[in-house]
Amino acid sequence: MIQKILIANRGEIALRIMRSCKEMGIRTVAVYSDVDRTSRHVAYADEAICIGSALASESYLNIEKIINASKQFNADAIHPGYGFLSENAHFARRCKEEGILFIGPDAECIESMGDKISARQNMIKAGVPVVPGTAEDLQPKDLIRLCRKIGLPVIIKATAGGGGKGMRLVRDEKELQEAYYSAKSEAKASFGNDIVYIEKYIESPHHIEIQLLGDTHGNVIHLFDRECSVQRRHQKIVEESPSPFIDEKTRLKMGQIAVKAAKAIGYAGAGTIEFLVDDKMNYYFLEMNARLQVEHPVTEEVLGVDLVKEQIHIANGKKLRFTQREILQRGHAIECRICAEDAQNNFTPSPGIICHIQSPQGIGVRIDSHIYDGYEVPVHYDPMLGKLIVWATTREYALERMRRVLYEYKITGIKTNIDYLRKIIDTRDFVKGNYTTHFIEENSKKLQQDGKQIEELEDIAVIAAYIDYLVNNNNPIEGEHQNQADNRPISRWRSFGKQKSILRF
Amino acid sequence: MKILVDNKLREVELLSKEDNNLQVAANGKTYDIDVVMSENGFCSIICDGRSYNAESVKHANGNYTITTNFRNFDIELFNTHRNIRKSSDSDNVLQSNMTSPMPGKIIKVCVELGSQVKKGDALFVVEAMKMQNTYMATRDGEIAEILVKEGDAVAKDQALLSFK
Amino acid sequence: MIQKILIANRGEIALRIMRSCKEMGIRTVAVYSDVDRTSRHVAYADEAICIGSALASESYLNIEKIINASKQFNADAIHPGYGFLSENAHFARRCKEEGILFIGPDAECIESMGDKISARQNMIKAGVPVVPGTAEDLQPKDLIRLCRKIGLPVIIKATAGGGGKGMRLVRDEKELQEAYYSAKSEAKASFGNDIVYIEKYIESPHHIEIQLLGDTHGNVIHLFDRECSVQRRHQKIVEESPSPFIDEKTRLKMGQIAVKAAKAIGYAGAGTIEFLVDDKMNYYFLEMNARLQVEHPVTEEVLGVDLVKEQIHIANGKKLRFTQREILQRGHAIECRICAEDAQNNFTPSPGIICHIQSPQGIGVRIDSHIYDGYEVPVHYDPMLGKLIVWATTREYALERMRRVLYEYKITGIKTNIDYLRKIIDTRDFVKGNYTTHFIEENSKKLQQDGKQIEELEDIAVIAAYIDYLVNNNNPIEGEHQNQADNRPISRWRSFGKQKSILRF
Amino acid sequence: MKILVDNKLREVELLSKEDNNLQVAANGKTYDIDVVMSENGFCSIICDGRSYNAESVKHANGNYTITTNFRNFDIELFNTHRNIRKSSDSDNVLQSNMTSPMPGKIIKVCVELGSQVKKGDALFVVEAMKMQNTYMATRDGEIAEILVKEGDAVAKDQALLSFK
């Protein structure tokens, strides 16, 4: 039985994992980089060790340093969280060699799903639908035959491609020849490689994924779906469960096929199969994430299951605690990713010192976050400050609740995307629950528009600043202070000896 | 008192104060308010029975950022010792220095000493929070000095280059 | 349809009600006393008005001031919360006269259950078990007959009694005569009234209550049970749902009988019937609370129902949204009441300024609280700072979680009962789930004992204070400051121009 | 430096500081620590690989209350300008004043001028937070002065009466 776990990660996910460990009475070891000494995960752990500089390769991605730390603290197991080493087969293998449990699937599983081509082949073998097409060199003679086989619209893509170059969408068979040759020549010009292949073009795609749990005894169950189509540059922003788009029949079929896929590769641990779903609810395998995902809380809220606890349970070599029949969805959960970015200025990162946080509370709200008053958000890691999750009996209520808690969430000192998230939640397509991965693009104008009531709010803001100014500058001991930077009213109030930290003007 | 709100010039004045009741004139309107402020910047204003909240951050230079109902306002107050800066600085005057709008790491320097650039040309690629951002020239000109090199970590407001 | 609600309450319950209103798009009006201008409920509301001094009779209990405020702001309805005017029939009647909806049962219902004797009579009429006994003048000739009818042990109580005077426990028929006369003479001496009556003595009593919802169309459903036996001086401290004591059959029977009782008096709104349950799972009506209760969140967590939303739904004259069959318990919830009191010093109240709060977060935790950094807990109202609620799939997991979140909850500046709550959660009887209303008394010694590791913690505390001292006193600008009270490190750091609010020493 | 922890006398001393590594002697033991403190009193101490948290509140009189792992410690530090108060004051010296340990409202004054009281006798009933508390005499003596009357609101540490 695992007694101590080293968490090879940082920020909110490190904290989230430690919380479950604490509940289970498992001791935790934090690793941190130089700049993360002030991160909450360091203070929350039972033990902590600095493993290197801010550069991930010197710390959170440094396999040997992490292995050494685990041995130094006698950790029985390592939880990799998401990102960093979570899908690194070499790391999983090194853990095994050192006799440390890696909380995740084994190295072979990670490898078989890590490479997109082998993952696609494995899935075809397991009978899982993949986006129809061919990854081989497309020859002129096969063009029409393959196109007809796949069905229009199709897309012709350069194998070496990227960034939209060497790519042609074909909606009509008449366009096929020209598209083929122009894609080829563009690919040649751009990448020096003119191999192209053909794939079905999925219109109005939904990104919907199935959560899985498998044990080391060959049992696999699915934990239903998450809808993750609200994406900006392939980064998920808002996730929900269940998907408002697919029907019950599709949901169950997708769950069953995901279980089949996981069983085919002998998957043990928590994992996710991502699908593209078209507007006719045809679903196609996209990729498998052999780890916990950022958006796992929406599943936890709807099912009542603590996925980290189940991961540890599985790592202990035990059988799954639930049968498929015991897993029932209840109500609806939505997650918003709170990020340090300036949504009104092309999503520029906004690191810096957090002045003050007022967190939402009350019924149906969950926050997974590592930030606190005075914390400096470092420039070295991704801009996610935490996750705001709501649960309610219906999607309509969950939306109402998310509006309420976004209103309650106040973070000052740095810029955040809270206002942007509010606009997403209020966008008609989102409210209707009928949105695709094109949602952000299609609604980009609306999402940048300002709300009403600006004049009234502006006056309130002016008054707030002015009152603060008056409090500071009517201060009798003003002359004493050399440094005008430190004239927050409170320092003065304290000097006044008022012993109050709230001032009524 | 003069005040700049998101670069728009406004007036604000305290008209009277009696116990907890303040009368303030802002932007031509008169407000009867009751204000409570907390140490950490939380501000509750009751005005004509309506309850407003604002979160206030005072910057080192004396300016404020006030957040109310999702909206951020950048505010600059002018007392007798401080003159109103020309609010159109950025439009009319050619700035000879370019500074970094955020902390980050220089991934790429796209220009050389003496390069002639046009407004909108890429000058630097800077990485922060695992995202790459391109800094563009805000004016035409010739590069006089490049103050950073690839791989450098830069602070917010650090000078990156100067124009001739 | 209700568009605007005035909340005739303060603190956490006012905030909790406003949160549901905000989700429903209903505007809220806060009323507050002089000293409550800084309370969070004032800032949270859309509109707010001061209605008087700190003295409750001048503000929160002043019916006409509240009615006037409602009319001034055109509120459609008044939500009374709990305490204050929530079970005041006259207030309910005044609201009706003024055409304002009172969110609660009508005045007649409140009256019929408000008086203990009439409540008892109503319940007997409705066939609800009450504690066996007689409230009439007990005569010597009836002694043995009534005692045998009720069954030993019995208790002989003075009608005018209180504080244990004029009360005799009888476990053996032989003691009956003497107990009767000595109770009578003590009652005569203490209260000048020697009327006594006889009642069954409930051994090892559990305080278990059933939540009800009734609409104005005569439909009533129960929302299962809450176990509230952890009490100190009749004040509940920890509540949970479902009760770990009663079996499924008793749970259902109690639910059914509670519905029957509510139907008998035509109850509409949310309400609770409190029962005493003996060690053989016999249950007896104790009283009815015709309002929302402090502990309502444990029911909300287990059922997923927002009780405030349902109250408003009912007040709108609509039919219940659920049938009895749709109400299913899932998992287990526990609530701890966080109070400003010094548990190590005879529970002395501890009002004052809150320096810093670190709230628990993450999976399965809910906080309903109105406190914030810098808030001054006033001396005029009850010491509850808020409620900490956890939910998990099983009771065992909920206990683990409560331990974790109590550990995470840090409130400084005033004394709180958080440590005491932790000890309750760790007490063997509580862990086993087999505890009665005597729990606190029986475990009083254990609950006052200190934990282990004191020496190590003491050294850490000394170091923390010493470092803070060093930071202040090695400060180059020290000479400038006259007032040594204001030498928190941070003011200095800011003066340093470091622009950091975290210092690494 | 001398330090009082919950009225027990201790010693604490900084032995060395190198970058972020401090060596501190406390209570006869040597600790190698790495400390981070935040503005609002949160303190993280890493000592020999173990991670400790403490919450610190500094009172107006320079004393501290430190909370760590559910436990509160009252701490008084003595620098050169401040002498160690006799820690046994409360036991040995008869205090002539009685002060209110908390804010509240005087519900009842149980004694009169000139009353002879014994340790443990009820002196006042005070209401705070809807609870009534009885303040008892901490010594025997004769009441010389009663400084409050029924209905008065009293502050923390306010003098209530004096003994002869």
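Which chain is which? They are A, B, C and D, in the order written, and residues in each are numbered from 1.
Rule of thumb we're sticking to: a contact is a pair of C-beta atoms (placed from the backbone, for glycine too) under 8 Å apart; a residue touches a chain by one contact, two chains touch by 3 or more.
The structure presented is a predicted model; accordingly, all values stated were derived computationally and were not measured.
S.K.: Which one of the chains is farthest from chain A, going by Cα centres?
M.R.: Between chain A and every other chain, the largest centroid distance is to D.
S.K.: Higher C-beta contact count, C-D or A-D?
M.R.: Taking the two pairs in turn, the one with more contacts turns out to be C-D.
S.K.: Quick one: chain C and chain D, Cα centre-to-centre, how many Å?
M.R.: For chain C versus chain D, the centre distance works out to 31 Å.
S.K.: Find the geometric centre of each of chain A and chain C from their Cα atoms only, then give the gap between the two centres in Å, rounded to an integer.
M.R.: 39
S.K.: Could you please state the distance in Å, as a whole number, between where the Cα atoms of chain A are centred and where those of chain D are centred?
M.R.: Chain centroid spacing, chain A to chain D, equals 48 Å.
S.K.: Could you work out how far the Cα centre of chain B sits from that of chain D, in whole Å?
M.R.: 46
S.K.: By residue number and range, which residues of chain D touch two or more other chains?
M.R.: 20, 34, 36, 38-40, 42, 60
S.K.: Can you tell me which residues of chain C touch two or more of the remaining chains?
M.R.: 37-38, 355, 358, 372-375, 407, 485, 488, 497, 499, 501-502, 504
S.K.: Using the touch definition up top, name the residues of chain C that touch chain D in the complex.
M.R.: Chain C reaches chain D through residues 340-341, 347-352, 355-356, 358, 373, 379-383, 406-407, 410, 412-413, 415, 418-419, 422, 450-451, 453-455, 457-471, 473, 484-485, 487-490, 493, 501-505.
S.K.: Mind listing the chain C positions that touch chain A in their complex?
M.R.: Spelled out, the residues of chain C in touch with chain A are 15-16, 19-20, 22-25, 37-38, 297, 300, 304-306, 330-331, 353, 355, 358-359, 361-369, 372-376, 391-393, 397, 400-401, 403-404, 407, 477, 480-483, 485-486, 488, 491, 494-495, 497, 499-502, 504.
S.K.: Would you pull the chain D residues touching chain A in the complex into a rising list?
M.R.: 20, 34, 36, 38-40, 42, 44, 46, 49-51, 53, 60
S.K.: Can you list the chain B residues touching chain A in their complex?
M.R.: 1, 3, 5-6, 10, 12, 14, 17, 20, 22, 24, 26-27, 29, 31, 33-43, 45, 47, 52, 54-58, 60-62, 64-73, 75, 77, 79, 101-105, 128-131, 133, 156
S.K.: Would you mind writing out the residues of chain A in touch with chain D in their complex?
M.R.: 30, 37-38, 42-49, 72-73, 372-375, 497, 499
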